[in-house]
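Next come two complexes, and both contain subunit A; in the first it sits with subunit B, in the second with subunit C.
Entry: the complex of A and B
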C-alpha cells in the first residue's frame, strides 16, 4: 500500500510539472539509450514533432507539408556552413529566420482554406520546395544534397569548443530543446495559448466572441514553422549532411506519425512518439530493410487501440488517479 | 434612442430569398422578440447582424454606425453577442474556461508570456458570470459532459461574457423541458436588465411572458409588429403562424 501511494504521488507530481520532468529526463536520457546518437536523433525529431504539434495538437490544423520547414532550416544551416563558412550561431539563426519567413508566406496562402484543402495545399508547397531544391544544383547540390558540411567549433564568449563528440552534441541539442520547451510552455499557458485551444475546439465560436482567428492561426503556423526549422538546422549540424529527402513528403508523413503515436495535443507526446518510432526503426532495421512495414503496423494498431496516443493514454490514466 | 436598425435587409441563398427586405428597429434597453414558422428567416436575420453572413443587400445600423459587412470578430467588439440555437460551446474545455476565454476576448489575444490563469480580473469576472447563470458548482466539468440544460445556460454565459450592448438570443430554450424553460426565462429576465435583447423563440408562453414588442416573420418578410396582445389578436398572424394551434 505504502509503495503504491508513493508511485502515485510521483506520477501526479510529474504530470503536474511536465516541463521539469521532461528536462530532468532528457538530462539522463543518453545514458539509458543503447547509444548516444540515438538519443540525439530522438531529441531532434521530438523537437520537430513538438513544432508540428503546436499546429495540429493545439490549434487543430493538420498540415501534410511540414517537411518544408524542417527542410528550410536544414538547408539554411547546410548552405551557410558549406558555401559561406559562417559560424554555427549565424547558421542556426538563419535557419530560424528562413523557416519563419517561409511559414509566413506559405501559411498566408494555405490558411485561405480549411480541412483537407489546407492539408493538401501544405503538401503542394512542400513539394514545390522539394523540386526547387532538386533543380537548383548550384545552391542545394540537387539530388545529391549537401555533403561534407564543415564542422566549425562552437564560438562562445572567450573560448570555442568542439561539439561533435556524440555526448557533447547531445547536450548541445539538449540546451536548444530545453529553451524551446520553456518557450513553448510559456506560450501554451499564456492567453494566446488559450485562444489556440479555443480555435481547435470551435473556431466558429472563437470568432463570434471576438477573436481574429485568421491572424491567430497564422501566428501559430509561423511559430510551428520556426520550431520545425530549428529542428532541421540541428539535424544538419548533427549529420554534416543535407539530403533532398528532408524536403520530401515522407518527412511530412513521418512527423504526423510521430505526433499521433505519442499523443497529439499533449506536451510530452511528440517526444514519446519520436522515441518509439526511431527506437523501433533502430531495432527492426538490423533484421530487415523493410522495417517500415513493422513500424506502420504498430502505428496502425496504436491508432486503433488508443487514438489519443501513447502519452495521451498514460496521461488520462494519471488524471483518473488524481481524481481517485 | 434606437440602438439597432435594419434597412431593407435581404439575404439570398441561390434562388432562395431567406430574408426579404426586412426593416427592423430596436430601442435601447428593450427586449424584442421575433417569431415565425420554421424557415421564416429568423436565424439568417441574426447571422447577418452578427456578421456570420454578409447581407445580399440592405443596411444594418448599430448605435448610428453602419456595420453592414463588418467581419464577425469586429462586430463582436462593437458590442453584439449571439447565443446560438444549436449549442455552440468549446466541448473539451472546462465550463470555467469556456466563459474565461470569452471574458479574455475583451482584453487580450496576443499576450504570449503571462499565465492565462493568473489574470485575476478575468477570473473574477468569470466567476461572477458563472454565478449569474448558476453554473459555479460545475465549473470544472468539461463542457461536453454537462447536461443539455446546463449547456444552454453556458451558451448564454459565453455570450454574456463578452460584455454585449445588444444580445441576440436564438431559441435559448431549445430542447428544454417545461421546468428548465421557466428557469431559463427567469435567467433571461435577470440578464436583460440594462441590455438590449432580441429573442427568437418558438415557445409562445415564453414569448408572451417576457417580450415587450414582437415582430412576426413569414417567408423572410415582416408581416406584423406589435405588443404581445396585438400580435395575438392579429388576423394574418393567426392564419400563418398561430393557426389555431395552442401550446
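Entry: the complex of A and C
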C-alpha cells in the first residue's frame, strides 16, 4: 500500500466514496470551468443523463425516447410560469408530477415489449408527443415554443431571492442535483436497487426467484422519467425558453450519447459524458456549425472500441489497482 | 364528413396506398436485416435519405431518371455493405443494443455529411417527363408518377419473393433467419450472406428514397420521421415478418391519408394511436412471432 502513489489513492478513495466525491467536485466545479454557463449546462444535462442511466445503466432498458420526459418537465414549468404566473416551487413540483404521470402511461405501453422493440417504442411515443406539442399551439406555442418565460424570485420561508445570476443559478441547480444523487444512491443501495441490477443481468432468473419484474421495471421507468422531467424543468428555468426541439428525437439521442460516452451503469458516468459532450460541442462549434459530424463519429467509435464508456474504462483500471 | 365526394375518397385511398408502398419498401428492408442479423438498423432512414440525394446527384450529372433508378440502390447498398463489413460485424454476439447505438451514431454522420454538401434547405426533385401529369383511372384522375411508384414496389416485392423462395441463396437466407449456427455447421460461409442481406436492405431503402423524392421533397431530416413511421409499421405488422410489413404498410398508409382528409392535425399522430391499440390487444403485432429477440 505504501508504494501506491497519491493519485492512485485519490482515485481509489473516489471510487469508494462516489457520493462525497461528486458533491465536493461540483461544489468547486464552476470555478474550474472556462465560464459558469457551461458548468450549469453540464450539471443539468448530467442530471438528465443520470435519469436515463437509471433505466439503461442499472435496469438494462435502452430507451430512445427520453426526450418525452425532459420535454414534459420543460413544458410544465414553461406553461405554469408563463400562463399561470405560479411560483418556481409550484412549477417544479408540477414538472415532477407531469413527467411522472407521462412515464407511468407511456411506460405501461412500452414495457409490453422487451429488448429492441422497447427502445424504438419509446422513440415512437416521444415523436407522438412532439407532434402533439407541434399542433397544440394554444398551449405549447407550437413550432415557436414558449418564449420570454417570466423569472419570478425564489420564495423561501421568510424571504425571497433572485436566482438568475450565473453563479446563483449554478448553486440552485447544484442543490437539486445533490438531492437527486442522494436519492439515487439510496435507491441503488436498497434491495430494490439490487433487483434492478438482477433484471439487467438476467430478467428470467430474477422472475424465477419471485420478483415481479414487470412492476419493478415500471417503477424504474417512472423514477427515470421523473429525474429527466426535473432536468427539463431546471433547463427551462435556466433558458427562460421552451423549444419544440426539447421533445424531438435529437434530445433523446443526445442523452443516449452522453450516458454511453461517460459510461452506462456507473455513478460518475452520466456527468462525465455530459461534460465531454458539451465541452466538445462548445469547442467545435467555434470553428464549424457541423459539430454533429465529430460528435457522431466519436460516438460511433466509442460504441465500436469501448462501449463501457470513459468512466467505465477508468473504473475497471481502478478495480485492478485495488486488487494489486 | 358526408359531403366528401366518392371520387375524392377513392383518390385519397389510392394516395394512401402509394404512401404505404414507400413504408413497405423501407419496412421490408428493416425486417430483412432484423430477421437475418437481429440488428435494428437505426441508419435505415439515413440510407433512405441518401437514396434521395444520390438521385439528385445522378440527375445533375446524367439527367436520366431511369439510369438513376438503377444506379442509386446499388451505390447506397454498397455503402450499407461497407458499414456491415467494417463496423456492425464486430458487434455480433455482444449486447444487442450496441448495433442499434452504432447505426444511430452513423446516421448522425450521414445526415451531417449531407448538410455540409447540400445545406439544410428542401431541394425540389421533379419526376421524369414521361410520368408527369395525371392518368385517368375511370373514376378519378391520378398522378401517373404515383401509379409508377406502386408498380415499381410490386415488382421489387415480386423479385424479392422469387429470390427468397425460389433460389438457393434465398434458401440459405431463410435458413439463416431460423438458425444461423446450423447453416454454418452445413459449411456455408454465412458472413457473406449477412453482407448481402445488409446491402439488399439498405439498397431497397435507397430505392425508396429516390422513389419518394418527387412526392415528398428532399431534405436532410427526411429519413428520421420516415424511420419512426416505418418502425411503427414493423411493430404493427410484426418484427421480422415480411408479409406483416406489407399489410401493415398499406393499412397505415391508407389510415394516414384518410386522417389527412378528415382532420389534418391528427395526420402525424394517428399511426401512434393505431400502434398503441395493437400493442394492447396483440403485443407481438399482426403477423409477428412472439419471442424473437426479446
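Assume the second predicted complex is superposed on the first by the 320 of 324 C-alpha atoms of A that agree within 3 Å, B and C clash if a C-alpha of one lies under 4 Å from a C-alpha of the other, contacts with A are read in each partner's own complex, and residues count from 1 in each chain.
In this section, a contact is a pair of C-beta atoms (placed from the backbone, for glycine too) under 8 Å apart; a residue touches a chain by one contact, two chains touch by 3 or more.
Quick caveat, the model's predicted, so the values are computed rather than measured.
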item	value
Touching partner for A:249 - first (subunit B), second (subunit C), both, neither	second
Touched partner set for A:16, first subunit B, second subunit C, both or neither	neither
Partner chain(s) touched by A:124 [first = subunit B, second = subunit C, both, neither]	second
Subunit B versus subunit C as contact partner of A:211, first or second or both or neither	first
Of subunit B and subunit C, the chain that contacts the larger number of subunit A residues	C
First, second, both or neither for A:151, with subunit B first and subunit C second	neither
First, second, both or neither for A:186, with subunit B first and subunit C second	first
Which of subunit B and subunit C A:219 touches, first, second, both or neither	first
Which of subunit B and subunit C A:195 touches, first, second, both or neither	first
Intersection of the subunit A residues that touch subunit B with those that touch subunit C	none
Complex contact set, residues of subunit C against subunit A	34, 40, 87, 90-91, 94-98, 100-102, 104-109, 111-113, 115-116, 224-225, 228, 231-232, 235, 239, 265, 268-269, 272, 275-276, 279-280, 283, 293-294
Residues of subunit A defined as touching subunit C within the complex	62, 64, 109, 112-117, 119-121, 123-125, 127-128, 131-132, 134-135, 249, 253, 256-257, 260, 290, 292-293, 295-297, 299-300, 302-304, 307
Complex contact set, residues of subunit A against subunit B	186-187, 189-195, 197-198, 201-202, 204-213, 215-216, 219
Subunit B residues within the subunit A interface of the complex	50, 52, 72-73, 76-77, 81-82, 88-93, 97, 100-102, 104-117, 119, 158-159, 161-162
